[in-house]
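Each of the next two complexes has chain A plus one more chain, namely chain B in the first and chain C in the second.
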Partner chain A sequence: MKQSRSLNFILGSYVVLIFAFVFAPIIFSMIFSFNSQRFPTIPLGEFSTEWYAKVLADPDIWKAARNSLIVSCSTAVIATFLGFCTAYSDFRYNFRFKGPYLALILLPPTIPLIIMALAMLAWLSKIEMSGQLYSIIIAHSVLTAPFAMAVIRLRLNQMDPDLESAAWNLGGSEWQTMRHVIVPFCKPAIFSSLFLTAAVSFDEFAVSWFVSGLNSTLPVVVLEIVQGNIDPQVNAIGTFVFLTSMTLVVLAQLFFASRQIKGMHA
Partner chain B sequence: MAAPFSQTRESPMSSKPEQRPNLYALTWRLPIIFWQLIFFVGPVLFMVAMSFFLVKNYRMTEAFEFVNWSRMLTRGFFWDSYWYTLFIATVSTICAMCIAFPAAFTLAFRASEATRRWAIFLLIIPFFTSYLVRTFSWFVILSESGVVNAVLGYVGLGPYTMLNTHFGTLVGYMTLTLPLVVILQTVTMSNIDKNLIEAAHNLGCSPLRTIWQVIIPLSKTGLIIAAIFCFILSFGDFVAPFYLGGSQEPTLPILILDTTKSGQQWPRAAVVAIMMMVTLFAIAFTGIALAYRKGKGAK
Partner chain C sequence: MSKPLVVFDKVQKHFGKFVAVKELDFEIREGEFLAIMGPSGCGKTTTLRMLAGLEAPTHGEIRLNERVMNDVPPHERDTPLVWQSLALFPFLTARENVEFGLKMRGVDKAERKERAIKWLDKMGILEFENRHISTLSGGQKQRVALARSLVMEPQILLLDEPLSALDAHLVIRMQAVLTDLQRELGITFVYVTHSQSEAFAMADRVIIMGKGEIGQIGTPKEIYRAPANQFVAEFVGRNNILAGKVKTVDGGTACIATTSGEFTVPSNGVPLVEGLNASFVISADLVHIATKEPSGENKAYCKLISEEFVGSMVTLFLEDAQRQEFKVQMQERELSKFDLHSGDEIWLSWDAQSAHVLNES
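And then the complex of A and B:
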């Protein structure tokens, strides 16, 4: 296609516009969090750390932050373990009912969260496991394991399939090969998966809200505040939530990329 | 769904489906089976069973009655909500696909490999970043005295009411879906063989015609999958219609929320949830069948 300058300019500006739309809420939330106005608008009010002071003085928010930390770290470990097991089984073996087996792990993200929330709440109440921090961890592991599986499976795709048999031929047992060949090879993907699943869990609010009972996580606290009315505290909490999950997602992507570059040399 | 992962790269030693998996194989295979049976299949099946339970004096009792189904499916408010949700999710999907297309087109064909990678890297971040806080931010930006109306005020326009309207709901849906749709469209289109586009150009095909007759047919599968994801996300989201749309016309997710949280009517909420799942599966299967149908332009 002919590259016309003005057309390229228009298309380029359009892309910038889309990015502006996508990032506007994040950037405005950060600006508003330092703004003295109760109903933020333009022109902005004075610089103020009032909302942060309020948030930091609130013991409920500290408790929610602690809950969020516990939930997202535990979820990351469980989901990554489950994802690794499944990715490896898929990579290494052919077996009957493999389709349903893969569907079992890959389906949850295609079901709306509100439905998962209702189903989880009903089931966990039934087996008397609802209303606890571990209820959220269980539900989040189901929701995030597919992401872990995808990240690790893509890494295994880059492994020379003969590598494993070579290790066996050299006298390594399957377990030794796993420990000394496969796990080291997957390490970047494992880290990537840990960060990604932690980020998803850290941000998830619908299922957490339903199953958490009194053990709110940060997004649930935000949800409860927002239901009242405009409260700029949300921007202060939101800024913290944004920075945390953005850092996690960036780290996840960096590990993902590092592995691609290494993969090319392998 | 499973397609991209199912092509096992087999080592020579495992080329036949094995007869009896050993302890090692089972160690890796079983965890997910147990976990998902207990905590994924269990909840979903229990929800189906629950739709037949009874609620007496705010307590749920196990039963097998069709009363919840008949109550919900004969009520006008359920069907109003059902058709409205289908409608608004369809509008959202069309909007997202159309708004994303020029951007994805630019990133796929007019940007360098490095720019494209950066763009996708950046778009992945909001997809995984608190949707709830981003929606609240829009709530403030779009409000009567918010940033958008303030800016419009300078040029003598407005103020416009944007919250509690379809427009507000759609802004929320776009916040949720646009990053993903742009990513999927970009990846699909950048996989098209550039020589084919060059050939179309050399044969005198105009750029617009190239888009219609070469690019869209060649990226059909990816585009349909992007649309399906967009539809599922919009159909199941309660935050945008609730906070930005004002839930004047409650969507099905809001109905589930209300029925569960305030009414304690879990069985009726389960009926709504099952209707939603059935609808989504029907649409997803139709879409996937279309996407992979052999024919002109299908890969």
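And then the complex of A and C:
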């Protein structure tokens, strides 16, 4: 089994290298966020929480964080609701042009973000809805609903189609069945979708930057700071944003995994 | 005779151009155990689903207790169904599954629990009340599914091949559970299956369906001994079917000439005309074997092709010189007296009275 051992070693190193490339910049950013020196150079200066203190004292950043939170939470709820509805319509009904319907729904993530952002700005300003916090929520909902739909559709496809009929057969109306059978069955996927869409919205820069006007979100503020000068505050904010997104994605994955395991038993 | 609970009145079901059910006209009597049996795709499940309101008839009427049911949505009917897939709710415990229908009907929590526990107990699975469905065995799930439907205390229970996923020994046990329950509760069971042994073992009456039509309605014994037509005779299996022309008709009996010889059959009221085609069946268990040529009529000299053992019963598959197939069913200990091997030749014979003429040939 020597050969498989060396193969394992090669594959293992490959994985380690990939993770290193992905995470090294973030880890460096985290390290520099605790560095007392203004410029990111080695050797490092002393350990310092100066930049964090500065960030926490900045009302603009607090406002941006609040905006980000509102936008990502609202987006998560709206996108998940839309995603659930489309996934259910796909599960339940057969109709003409169902293929194009599904393709259209899944289209937004394939459009380059910058084009999407420009189009959103043009459209929203035309109907005089740009530059507001809800403008970002609208744009982000459009952007993330397909992810919600994909996650919930996967779950619905695992459902025995007789389950819904069984609920009707036992005296449940269509609404009761939705509430007591379909939604409970999809619960893990719904939570997974909430966290995933919140994470995507929380991180998203291009669209937010175009449509936000004066209501910047955290990623937009980061860019504004970086444009001005080199400021290690960015490292501190970056660390915070990264940890938040990672937490959301990990939570989404946990629900996803528990769903898979349950799915195998069901 | 008890009054009809359900009436199917010229019911048809089309799916686009495909005709799933051609025309159904039958009654389901109150308190009977009715089995609907047929090969897959014969429309038996569609028939059951129409009764539950999950499919709407294209033509005709379904009446339950003299009420036309065509436009009544499924949740307003009292026709619980036990599904082939069981369709238990995987996110609920056994007891919550049983309570589900009561909850939908607005029964309060305390009563729900009490009734669910009563039925779980009756089905012998009370100890699993708080277990999740995925942790139960096939037989236990089956009992939860039954309890979930029966807790509704319906007049009629629909069952769609409920035992098809179980191991053979469990099937036998569940058959006993079902027949006992039906006798005890006195409610009507409509049981859809493709399995002859299940239908014949449990049902008071059996409907044989083929290609969206009824082949025959009758008691298991009637269907087994006196199949109405070729389709039923073939579907019921273990029948020897011989086709030929009517040679003579003499009062209650007729002589039918086939390639394998001439046979005497009782005409049983079937209008037989000399010179026209006719066929008859003879159940495999009514055929005798002998090494010497029997003296009477109705005999055939055949070569043994193969044997099939099921428990102590043996089915012999034979062929005569004209390649007409014969089947003989007998006890293994009877057969052992003959010391037969494939390729051996032997005489078959039967009583003229055991033959049954088919109505359509």
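Note that in this section the second predicted complex is superposed on the first by the 257 of 266 C-alpha atoms of A that agree within 3 Å, B and C clash if a C-alpha of one lies under 4 Å from a C-alpha of the other, contacts with A are read in each partner's own complex, and residues count from 1 in each chain.
As a working rule, a residue touches a chain if its C-beta (ideal position, glycine included) is under 8 Å from a C-beta of that chain, and two chains touch if they have at least 3 such contacts.
Computed from a prediction, not measured in an experiment: that's the story for all the values here.
A.B. asks: After aligning the two structures on chain A, examine chain B and chain C and state clash or fit.
C.D. replies: In the arrangement built by aligning on chain A, the partners chain C and chain B fit side by side.
A.B. asks: Please indicate which partner A:N235 is in contact with in the superposed arrangement: first for chain B, second for chain C, both, or neither.
C.D. replies: First partner only.
A.B. asks: So, does A:T86 touch the first partner chain B, the second partner chain C, both, or neither?
C.D. replies: In the superposition, A:T86 touches chain B alone.
A.B. asks: Which angle, in steps of 10°, is spanned at chain A by chain B and chain C when each chain is reduced to its C-alpha centre?
C.D. replies: The three centres form an angle at chain A of 90 degrees.
A.B. asks: With both complexes overlaid on chain A, does A:A167 touch chain B (first), chain C (second), both or neither?
C.D. replies: A:A167 sits against chain C, while chain B stays out of touch.
A.B. asks: Between chain B and chain C, whom does A:F185 touch in the aligned arrangement: first, second, both, or neither?
C.D. replies: second
A.B. asks: Can A:L118 be said to touch chain B (first), chain C (second), both, or neither?
C.D. replies: First partner only, chain B.
A.B. asks: Just checking: does A:F255 make contact with chain B only, chain C only, both, or neither of them? Give me first, second, both or neither.
C.D. replies: Neither chain B nor chain C is touched by A:F255.
A.B. asks: Return the chain, chain B or chain C, that is in touch with more residues of chain A.
C.D. replies: Counted on chain A, the partner with more touching residues turns out to be B.
A.B. asks: Tell me, in angstrom, the smallest C-alpha to C-alpha distance between chain B and chain C in the overlaid model?
C.D. replies: Distance of closest C-alpha approach: 6 Å.
A.B. asks: Please report the chain A residues shared by its interface with chain B and its interface with chain C.
C.D. replies: In chain A, residues 162, 165, 168 are touched by chain B and also by chain C.
A.B. asks: Can you tell me which positions in chain C touch chain A when the two form their complex?
C.D. replies: Within the complex, chain C contacts chain A at residues 52-54, 73-76, 79-81, 83, 85, 87, 89-92, 100-101, 103-105, 133-135, 148-149, 152.
A.B. asks: Over in the complex, which chain B residues touch chain A? Could you list them?
C.D. replies: Residue positions touching the partner: 1-2, 5-6, 8-14, 16-18, 21, 24-25, 27-29, 31-33, 35-37, 39-44, 46-47, 50, 99-100, 102-103, 105-107, 109-111, 119, 121-126, 128-141, 143, 145-147, 149-151, 174-175, 178-179, 182, 197, 201, 207, 210, 232, 235-238, 243, 253, 256-257, 260, 266, 269-270, 273, 276-277, 280, 284.
A.B. asks: Touching chain B in the complex: which residues of chain A?
C.D. replies: My answer: residues 1-3, 8, 11-12, 14-15, 18-19, 21-26, 28-29, 32, 39-43, 81-82, 85-96, 98-99, 101-108, 110-116, 118-124, 126, 138-139, 141-142, 145, 149-150, 153, 157, 161-162, 164-165, 168, 174-175, 178, 196, 199-200, 203, 205-206, 210, 219, 222-223, 226, 230, 234-235, 237-238, 241-242, 245-246, 249-250, 253.
A.B. asks: For chain A, which residues count as touching chain C in their complex?
C.D. replies: Against chain C, the touching part of chain A is residues 160, 162-163, 165-173, 176, 180-181, 184-185, 187, 262, 265-266.
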